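Listed after this line are the structures, all set down as structure tokens.
Presented sequentially are two complexes of subunit A, the first with subunit B as partner and the second with subunit C.
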Partner chain A sequence: MTMHSRRVAQKLNFLLYRPFLTCGAKKYVSREYGKVSAAIVDELTSALGAENVSTSVAVREHHGHDESFHSSKPPEVVVWPTNVELVSKVVGLCNENAIPVIPFGTGTGMEGGVLAVQGGICINLTKMDQVVDVSPDDFTATVQPGVTRMALNAYLRDTGMWFPIDPGADASLCGMAATSASGTNAVRYGTMRENVANMEVVLPDGRILHTSGKGRATKKTVAGYNLTNLFVGSEGTLGVITQATLRLYGIPESMVSAICSFPDIKSAIETTVQILQCGIPIARIEFLDEVQMDACNRYGKLDYRVAPTLFLEFHGSEKTINQQVTEVGFSSGDVVRENGGTDFQWAEDEEERKRLWQARHEAWYAAKALAPGCTAYSTDVCVPLSKLSEVIVESRKDIEAAGVKGPMIGHVGDGNFHALLLAEPTKPDAKQTVISLAKSIARRALSVGGTCTGEHGIGLGKRMFLEDELGAVGVAAMRMVKRAFDPNNIMNPGKVLPSGDDDREDGESVKLQ
Partner chain B sequence: MTMHSRRVAQKLNFLLYRPFLTCGAKKYVSREYGKVSAAIVDELTSALGAENVSTSVAVREHHGHDESFHSSKPPEVVVWPTNVELVSKVVGLCNENAIPVIPFGTGTGMEGGVLAVQGGICINLTKMDQVVDVSPDDFTATVQPGVTRMALNAYLRDTGMWFPIDPGADASLCGMAATSASGTNAVRYGTMRENVANMEVVLPDGRILHTSGKGRATKKTVAGYNLTNLFVGSEGTLGVITQATLRLYGIPESMVSAICSFPDIKSAIETTVQILQCGIPIARIEFLDEVQMDACNRYGKLDYRVAPTLFLEFHGSEKTINQQVTEVGFSSGDVVRENGGTDFQWAEDEEERKRLWQARHEAWYAAKALAPGCTAYSTDVCVPLSKLSEVIVESRKDIEAAGVKGPMIGHVGDGNFHALLLAEPTKPDAKQTVISLAKSIARRALSVGGTCTGEHGIGLGKRMFLEDELGAVGVAAMRMVKRAFDPNNIMNPGKVLPSGDDDREDGESVKLQ
Partner chain C sequence: MGVLGPKMAFRVLVGCKRVIDYAVKVRVKPDKTGVVTDGVKHSLNPFDEIAIEEAVRLKEKKIATEIVAVSCGPPKCQEVLRTALAMGADRGIHIEVPDEEYASLQPIHVSKILAKLAAQEEASMIIVGKQAIDDDCNQTAQMTAAFLDWPQATFASKIEKTNGDLLVTREVDGGLETIKVKLPAVLSTDLRLNEPRYATLPNIMKAKKKKIDKKKPADLGVDITQHVEVLKVEEPPVRQAGVIIENAEQLVSKLREAGHIQ
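Right after this comes the complex of A and B.
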């Protein structure tokens, strides 16, 4: 078949499918995606230059996985466009040829979002790495998709501003927008939902959208539907984010870090709720359970007390911060002591602050070091604060009962926590045990009004929970959005919404590493 | 035609139209909406009870306008459903019969959002007025659409919590969600976008959607597309909001109000930007220009200095507040003095605070009193902070040049300001002059990266700016969303997105009062 006749055939194919896609059928019909033919690779090479197109096994393998548990699913081709017009060209070509498109930033996702489960073309956006604009008076910066959060903050150093959202990894900011990332600072500064003012997005048909209008970045707007927040968290399934305008903050005059141990999980969580109820504008409040604290001591040769522990951070002017620290931990009727907290330590000096927080910063590596050679699955539930201690305590019991090593850390100011479940290579059926445990933790969260994912996204692994969480109408509404923007289902197919081929439990069928 | 044959005919009609509606045509095709026949009124009466259905002229007239400039467009029927199932029934009936549906809360909108420009059925939601749930530990409250913000705050009084979003009017909270309201507290607490955790929405086909899943209200979630923020600000064009779960805050231990005069607009706005850059967590920062201050003095028999003035409010614990007030206004290197601010006064006592802020609270009435019998149009642009003083100064000049009375007030911490343009009954062509002025103010905002609407919405009057603001692809993307959810265009037709019958300037053709 010539390329032209192939395209005609595929267009006819679309027209035939279209009635099913647009007339309210519940699921996508099963369909064949186009393969990336040699002719298409040639077309890509001629448009982008040979140095920006690769079909090598090693490159494809590198782009077939993220930091999650899922085994690699390499794309057929990887391309590195250097501007938005080239992104548009690649996406348009994919749309014409029914080829899946997978946007790729730093590959630091946690739910298999970049796996090329249906083949297709991976668009690596790291060569578009310019900070386009910084406006200190407007508290905004505009970045291309190759700019990571650390790169932006390094760039901003002399302006007195920073972008505080910190998911741990040095992720690309547009990738963070795509997954609606948050992390430790969200309790004070919000998530990507609250901190993206505008985005440039290449739609599946190749058109270039500016979600708040080109070049606009006001603190408020109510001009039509909130397209910005439709694309934040869409995980690459509605379009390719090629630029983001972000809200910046003044670097705090002063920061104070503190830690404190508690006799049990409940009292640590109660302390958290009370600090929030007092309206103390805490910047970070992180929880590590005793298993995690023990892991940190072993990993970093430290001597923290092995007990449920809160790590706190305060941002502000020197005087307001001292006031906050006093309210939390030092006055006679303070929150920490009333809940049985002990060993309250705090530090203002940067080096000393780093030392205090060392356990929190090393938590992920310390956890994995508990079982050398293991794979780790991080659960990500988020529940109402009133249910948080109950859910953490019960999850802890389940983990022990299953005989799994599973330290826990939590962004407890937001009700979000992770159990880092380790599938030890020496144990039979370890991965299935971990998956079952992760499911039971997610289901418990759902049963108390929570969500299966506070910040990692649905990706591949949590599609099975989507209908339980949102109901049939919620999933149907999401399908309506998906079909409206991407009727040919080329954008990161198989993610977020279960495909027609999948049943609800399909998340399981993706093989683990 | 019998009712049955009428329905069959209308369904056929839909099937004929459907290809146009779903295949990417740029505009809606021109179409006839069904009239509300006697048979449909009978059906409504039998479902809702005679006391909950009205076709009286006075009732319809009352529901045909809001607080905007637009002359009344009464619906054909007004209904008062008492539960979500009845709302679903009414909407389903309208969908079958191609009848427009207009949700109605308190009628306090500012952009003609409730005008029944295509006829149809107005759903008055005020009989659904229960606070469904309050969870102080989770900082959430769930309300039916008849609950206003003042009613909720009265209900919450003993809990130590409050819902701070304050658009001025005692609007219904679900109406505030529908228009993405904000107001004076937004600089600290955000807008409705940031403060709605979940909504129950009746979709145009009658299905009931829970945007974050039924009964869920976590601080964070990234489970699929952000449907909550798709419906916040959708102005009744995608569905009927029948319940909202809102984020609450602890009532501040202490509040301090302050005012300060400035030699010119620029220095007042510079002060605002610097206060924000210092990271002082100010709760409100409102600007009144000298024309507005003069109006307030006349209206309230007050003796404020007639000069550009900032009204400030600080929320926090007693000690942190004192620190904030000091940083803003009292220390030797303080922000206010550096910008030439004078007459800095502050008060902590509630009565004294009210007295200080009296001019701000009475601003709207004081403005209208400048021209008895006038109609007033409130512009609503929002611009980047770096452009705010320039845009206010230039707008002030334009208002003077046009010989219009137009005091200005601004939520300047957000870059949002209103010119209250008065169409004086004694002046010929006053309304056209006011409309031209409003347009030039909107276009100036658009030219510097701003929006035509910071908080009032697009409604009827600003549809003409939508494409200038968002670009053709932006409007096309919004049309895709609208068609996906409401293929028959029954939900509040003619609002937000220009209809097929309208040209881009159609906002003008709606007659003024």
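Right after this comes the complex of A and C.
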């Protein structure tokens, strides 16, 4: 090295310690985000076409909210790019001008992930809606963000394969990757974390990344760091997902559904634990408490026993299913009966199974119908199975004590449950009460080694728990990652990471509006 | 449950049409001679899927003894036959019609083919979807019954067998109508008849070994000369934006401009 180049290197080293410097981007000292000026809108219009850019109030309002209770925070403009190069162009433009970027799929998130709390450009990816590739021999399918999970399964139905992850909504699969969605059959098939093999992601500086390498989707790999799973669950804060390669499964030969009632919560949870310990590969095991069963009966005009209830589903060949069902429900010394389970009903036919599961599928609406006009908030804690029964029972007590209507449903095979807390319009301070209840449930879960969010994500409202859950070092490590990928903090600001000193935003806290 | 002698065959013929998949956004070709089919996903007509499902259920209830899936068209039709076989049909028959002639193949031709096949195969029942989702004709079941002089029960939403007859509930404009039809008969399926099963991987594998026979319309003595000529295919007119009228005078002048009033 020459003297001159060493001095240059020293200077660069010094500059690298400043948080905002990165190759190719401007250094920002100001704490303001850029505004979307008329010039920027013109640039977007000429790049994407006028039909793919909108500044209309109605469109922006729609894109400023999701299925959570947070009121809309509209972006300044909404764009619909039709290919990844255009996405890259838009993101690059935002990075140059310090304009926030909010990726948008189906808007079915539960934690306010799409709220444009600092304005900016909302990138609606649904015009990229191709099923790019299906490989039956490899059990993979590659999709663009406009493909929803039901659309993919309809596409795949002749192939004998399916993508089993089923969050309530018909969500965009790439959106599901962004929030690491889970569903009722995670106990058998896992969540998005286990089922995304590769993704095409536009990085905050506009570069296009293939997380496992372009076109690769092997069953296993140890080539470098696991970038795929870094982006799964990153909730739009590290880049824009424009394509995902998913792992598929064979459609089960047979499915049998069953339900049974229990005298109390503890026995229902005990049954769950024992079923799992028996090694029975149960496909779904869902818990509804008596408040929820009552709500379901009223809403659906059903007449199930109003008691803690388990909804079970078995997948497999006829032989293996019979074996599973017997072990669980029918033979002497079986799990259900030993725990005081009664009213064991089961169904094989598609139509019968639908009827049996109707109560579980309508749960959200049935719960809301308990207090018409209410705002509903769903908690999402996930705890070790050994602590599940105690956490549910204690939470139930708190909800009753607060005088709030709060039916509970749970993916108990995962240790995850949702208390659907209803803020009734007629009760003063109802929303405050619900918020405090939600916080106390989260804190209880954290205190027993659980997580504040099993499947919905941190989004806007759960950032306050991140440090309690992960510790200061954990959060600091995450900040290092965020800063490395997105030094200008344009990617979905105000989400996931709690506000720090060098962040631009002013620290939004959870607000029911 | 049906009352069958031990040796009595109850063969069900199921019509299967290969159509553009229901989820696809159909586009008209620039030359307006038809819709774009190249590179577009095709699948078994949903109502025919319901027909196969019903036939398979009849076999599971030991009413039907053999299910034969039939499809008319170019080689790609074998895909829908494979789907039918994977769902539980026993064998398939592919009536080969090359691409150019397939474009003008109409329900009247298909009905003649099904009628001839039913006689050859000694079928006790023919079941097809009520209509194909590409042409929406809703003619094949009815014409086939006429050619065979068999009773017909269309828009079936429930099928039961009692002795030598079928009790069929039909969806009609006024509600539901239940009729008794003597076998052999032609049925067409409506949406609410059943929920078709998915083809599972093991069954798809098994289906590869099932037989698909090939025949030509001429082998059955059926003439598929073109009856109908398509003149033009167009997209529906693009919806025009509405105009907000400020007052009554403006409304009157706009109506006058458009020639709706003098």
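By our rule, the second predicted complex is superposed on the first by the 471 of 513 C-alpha atoms of A that agree within 3 Å, B and C clash if a C-alpha of one lies under 4 Å from a C-alpha of the other, contacts with A are read in each partner's own complex, and residues count from 1 in each chain.
Following the convention adopted for this analysis, contacts are C-beta pairs under 8 Å (C-beta built on N, C-alpha and C of every residue); 3 or more make two chains touch, one makes a residue touch a chain.
All of these numbers come straight from a predicted model, not from anything done at the bench.
In the superposed model, A:449 makes contact with subunit B only, not with subunit C.
In the superposed pair of complexes, A:301 makes contact with neither subunit B nor subunit C. Between subunit B and subunit C, B contacts the larger number of subunit A residues.
With both structures placed on the common chain, the touch criterion links A:179 to subunit B but leaves subunit C unconnected.
After overlaying the two complexes on the shared chain, residue contacts for A:351 are found with subunit C alone; subunit B is out of touch.
By the touch criterion defined above, A:154 lies against subunit C but remains apart from subunit B after alignment on the C-alpha atoms of chain A. Residue contacts after overlaying the shared chain place A:278 against subunit B, while subunit C stays out of touching range.
Legend: residue contacts after superposition of the two complexes on their common chain; A:253 is shown touching both subunit B and subunit C.
After overlaying the two complexes on the shared chain, residue contacts for A:319 are found with subunit B alone; subunit C is out of touch. Residues 160, 250, 252-253, 317 of subunit A lie at the contact with subunit B in one complex and at the contact with subunit C in the other.
Residues 21, 23, 41, 43-44, 79, 83, 86, 194-195, 197-204 of subunit C touch subunit A in their complex.
Within the complex, the subunit B residues that touch subunit A are 22, 135-140, 160, 179-180, 182, 186, 190-191, 193-194, 203, 207-227, 229-230, 232-234, 238, 249-250, 252-253, 273, 276-279, 281, 315-317, 319-320, 323-324, 327, 382-386, 413-416, 449-458, 462, 465-466, 469-471, 473-478, 480-485, 496-497. Listing the residues of subunit A that touch subunit C in their complex gives 151, 154-155, 157-162, 250-253, 317, 350-351, 354.
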